[in-house]
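Some structures are shown below for you to check.
The following pair of complexes shares a single chain, chain A, combined with chain B in the former and chain C in the latter.
Showing the complex of A and B:
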C-alpha cells in the first residue's frame, strides 16, 4: 500500500433507495476497500482509457513548434475487478494492442497495472454468463474467490506471486478445492438474466430497418451515459487546447459516445447519423455485429452498467429481446 | 522484502525511440508523433480549393515516407486540429507531397490562411490504396466528380510512370460549374500521355465553357468498355458513384473491379476512435478505398 498506488472499490454515495454507489478510487488504506461491493457505477476501464488524456504538448514558437510526448506511467494495483471487467479489458486489448497501430498509452497502462480480480455473486440483472464473460482465465495477476473465511487465489504473474508471498498464504488443501468448486457452482446457478445472442449478428442485419430501433431511439436522450459507464466502449474524439499567450498547445483525447448528435458529423454540415434511433442502432451494431466480424466475439460483456445508468430506461436485454421477438413474429 | 512493482518503461521498447513508420502497422511506435513539415508552395485552384506542397523537414523521415495511390495523411495544425486528407501527388515524388484542400470547416479554413514557410504536422500514410498493381494488363477507367479528382491524380501519375503495363486509359471528369474544374492546367499534359483519353463535362455551362455539358454518366456514350479487362476507379460524391457504378455494372464490369473512396471525419486514422465507422468496419483501416462490392454490402456507406 505504501509502496504502490492502489485502486479499489469504495462507496461514494447512496442512490434513491439507499443502496451504496461504488466507484474504483485510489485507496489510502486497506480499511477503505469494500470487497463486498456489488457493481461499480463506472467501470475500471478509465484507469486504462482515461476520460481525458493529453496526447501531445506543443510549444509554439514564432515560426514552427516543438512536440513533446510522454508515455511514462507509474505502476499501480487495481484490487477487486470482476471477471466481466477483466474480460472487457481483454476485448480492449484486441483493439488497442493486437490490431493495427498498437496504442502506446494503453500499452503503458496495461503493462504497469497489476490486476487483482474478485469473484462475486451475480446481481439480478447481470447477464455476463450469456456473453461468456462470467469467468476470467487470464488478463489478471491474481484472482480471488471467497471460500468462507479464506480467499482462494489464482496466480497468473510473478509480480502477483511476490506480493502473495508477503502475506501468510497457505497451500490449498483438498477441502479448499471442494469449497472453491462449490462456490463456483453456486455463482453459476445464481444467474437470473439470460440474453440470447447466438443469432444476434445475423439478426442485426435482418432487423436493420426494424421499427424496434425507432421505438427505442425515441426514448434515447442521446446523452452518451451508456458509453461512459461501459467497460468496453472506446470511441473517442480529439480536441486541441491553446493557451491565451499562444505559446502552448495540447492535443487531447476525450472519450466520446456514438449516441451523441455530432458523432458522425462531417465538415460542411452533413451528418451521417442524424437520428437518435440510428445512432442507438449503430451502438448495438458495433457491439454485437461489427466487433464480432473483426474479432469473433461481441464487445458487450453483459455487466448491464449501461442499462443501470440509462436515464431513459433503455437496457440491452430489453432491446435485444425486442429484436428477437420481432424476428419470430 | 519489497513489494514495489517494477516499472515497465515502454520508451525502451524497440521502436519507441525511433521516428514512427506508419506502414508498419503492427509495431508499437509513437503513433502520436507527427512529422514536422513545411508548406513550400501553395497553388490557388479555385475560390475554395488550394493545392499545398508539403515537404517533411527531417531528411530521414522524408526518405522513409512512402505511400501508394489512394492513401491519406492526417494533417495537423497544432492548437487547431487534425484533418484527414488524401495524397494527391505522385508516389515517386520523394521531395514533397501535394494535398488538395477545400475550405470547408474550422481546420481547413485555418490551413487556407497559411502562407508558404508555415510548419505543419503530418502523420501517415494511412488506409488502403487503389490496387494499381493488380490492374496490370487491363484498361483503366478513372472517373472523378468535383473534388474527387484530387485523390485520382495519384493513380494518374502512377499510370503515366508505368504506362507500358496498362492498356487504354480513360479519364472522365465532371464538375458542377466551369469555375469548379480543378487542375485544368494539367489537362493538356495528360492528353499527351500515350493512349489516354480525357473527357470533361460540366453540369451548368457558363459563357466561357466550350466543352461538353451534362452529367458524368453522359460521357459513357463516348467510350467503349471491354468489361472483362477493365478496372474502374471512381471518386466523387456518393450520389455520383452510385449512378456511375450502376452503369458500369450494367456494362458488365464486376463490382469487385470498381474502386471507390469513402470519406468520413476521422479523429485518429488508426482504427481506434470509431468515428469513421461504416456498417461493421472502419474507413481508416479497411478504407478509404473499397471495392464496390464491399461498399454495397456496408450499411449506410452511400
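Showing the complex of A and C:
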C-alpha cells in the first residue's frame, strides 16, 4: 500500500432502486475495497487508456521548442478485476502492443500494473460466457475465487507470489480444491443471458441494410456513453493546446466513440456517417465482426456495461436477438 | 508577446455587459492568477469590472447579457460596428438565457410586479443574434473561465476555435461520474454541447442545458427515457425551455 498505488472497486452514489454504483478508484486503504461489488459502472480500462492523456508537452522558446515525453508510471496494483475485464485487456494488447505501431504509453501502464482478479457470480445480464470471456487464463498476477471464509488464489507472476507471501497464505488443501471446483461450477450454472454469436459475422454481413439498425438508431442519443464505459473500445481523438502564457503546449489524446456525430467527419466538412443508426451499426460491426476479421475473436467480452449504461436501453443482447429474428423470419 | 520567436499582435479587446447577472464577466475578472497572462496576450481597453479606462478602439468585443431596451439595441449596434469579431458571451447573449423566463408572462404585468408604478424602459428579451450578426458564441451560464481563455488563445493565434460537437455525457464519463438519470434525476446532458466538464452531474445535479444543443440532438429519445423513469412530458419540456438555448430546434 505504501509503495504502490492501489486501485479497486469502490461505491459512490446509489441508483434509484438503492443499488450501489461502483467504479474503480484509487484507494487510501484496503478497508475501502468493496470485494462484494457487483459491476463497475465504467470498466477499469481508463487506467490503461486514460480518457485524457498528455502525450507530449512542449516548452516553447524564442527559437524552436523542447519536447518532453514521459512514459514512466508509478507501479500500481488493481484489485478485483473480473475475468471479462482481464480478457478485455488481452484484446487491447493485440491492438496496442502487437500491432505495427505499439503504443508505448499503454505498454508502460500495462507493465507496471499488477492485476489481482476476482471471480463473481454473474449478474442477470452478463453474457461473457457467450463471448468466451468468463474465464481468464493469463493476463493477471493473481486471481482470487471466494471459497467461503477464504480466497483461492491462482498465481501467475513472481510479483504476485512475493505479495502473496506477505499475507498469511496457506497451502491449498484437498478440501479447498473441492470448494473451489464447487464455486466454479456454481458460477457457470448462474449464467442467464446468452447471445448467439456463432453465426454473428455472417449475420452482420447479411443484415447490413437491416431495418434493425434504423429501429435502434432512432433511439440512440449519439452520446458515446457505450464506448466510454466499454472495456475494449479504444478509439481516440487528438488535440493540441497551448497555455495562456504561450510558453507551454501539449499534444493530448482523448478517448472518443464511433457513435459520436463527427467520428467519421473529414476535413472539408463531409461526414461519412451522418446517421445515428449507421454509426450504431458500425460500433456493433467493429465489436462483433471487424475485430474478428483481424484477430479471430470478437472485441466484445460480454460485460454488458454498454447496455447497462445506455439510457436509451440499447444493448448487444437485444440488438443481436433482433438481427437473428429478422434473419429467420 | 512572442510565440516561437514571432512577435504576436496583442489584439485590443472590450468586454461589455447588457441585461444579465455579470456572472460571466466575474468568471473572467475573478481569476487573478491568469489575468496577468491574459493581459500579456491581449490589451483590454474596455472592461468595467476591472478598470475605469474606456476606449473604443477594440477589435474583439465580448458581449454579455441579452438586449431588452432600445438604448441597449443602439449600444450593441455601435459595438458591432467597431468590432471585427463579436463574441456573444454566455447564455443570456447567445439565447436570452434565464431572462427569457420573463417572456412567458405579459410584459406590462411583469414590470408592474417588479417595479410597481415606477416607469422603466424594458422591451422583450432578445439575444444578440436577433439584432446584429454574431461571429462566435461562447456558451454557458456562466461561461467557463477555461473556455474563455482557450477562446482568447485561439483568436490571438489565428486558429478557428472548434467547440465540442459532442454532448455533456462524454465529459461526464471522463470524470467517472455516476449518471444522475440512473439516480433518478432529469438530465439534459445527452443533448447539450460538452465543454463544461460536466460540472452539474459532477455535483449530482442534472444538466439544464445552459450550453445549448450539441451537434446531434434526439429530443424524442431524451423524452422517452425520462418518461420511462416516471417524469412527465411537462417536466422535461420545462427543463428544455429553461435557458431558451434549444429554441428554434425544439418544437
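Rule of thumb we're sticking to: the second predicted complex is superposed on the first by the 328 of 329 C-alpha atoms of A that agree within 3 Å, B and C clash if a C-alpha of one lies under 4 Å from a C-alpha of the other, contacts with A are read in each partner's own complex, and residues count from 1 in each chain.
To be clear about the criterion, a contact is a pair of C-beta atoms (placed from the backbone, for glycine too) under 8 Å apart; a residue touches a chain by one contact, two chains touch by 3 or more.
Remember, predicted model here, so these are calculated numbers, not experimental data.
In the superposition on chain A, A:30 contacts neither chain B nor chain C. When the two complexes are overlaid on their common chain A, residue A:312 makes contact with chain C while staying clear of chain B. Applying the stated contact rule after C-alpha superposition, one finds that A:137 touches neither chain B nor chain C.
After overlaying the two complexes on the shared chain, residue contacts for A:219 are found with chain C alone; chain B is out of touch.
Legend: residue contacts after superposition of the two complexes on their common chain; A:65 is shown touching both chain B and chain C.
In the superposition on chain A, contact of A:242 is made with both chain B and chain C. The wider contact with chain A, measured as residues touched, comes from B rather than the other of chain B and chain C. Taken together, the two structures place residues 60, 63-65, 241-242, 246 of chain A in contact with chain B in one case and with chain C in the other. Contact residues of chain A toward chain B in the complex are 3-4, 55-56, 58, 60, 63-65, 67, 69, 71-77, 95-96, 99-104, 107-108, 111-112, 114, 159, 162-163, 165-166, 208, 234-238, 240-242, 246, 249, 251, 256, 258, 263-268, 272-273, 278, 282, 285-286, 289-290, 293-294. Contact residues on chain B toward chain A in their complex (touch as defined above): 1-11, 16, 22, 25-34, 36, 76, 78-83, 104-108, 117, 119, 121, 263-265, 267-268, 270-275, 277, 279-281, 285, 299-300. Those residues of chain A that touch chain C in the complex are listed here as 12-16, 21, 23, 25, 41-42, 46, 51-52, 60-65, 218-225, 228-229, 241-246, 254-255, 257, 260-262, 276, 309, 311-313.
Contact residues on chain C toward chain A in their complex (touch as defined above): 1-5, 8, 34, 37-38, 40-41, 149-150, 152-153, 157, 165-167, 169-170, 173-174, 176, 178-179, 181-184, 189-191, 204, 214-216, 218, 220-222, 224-225, 229.
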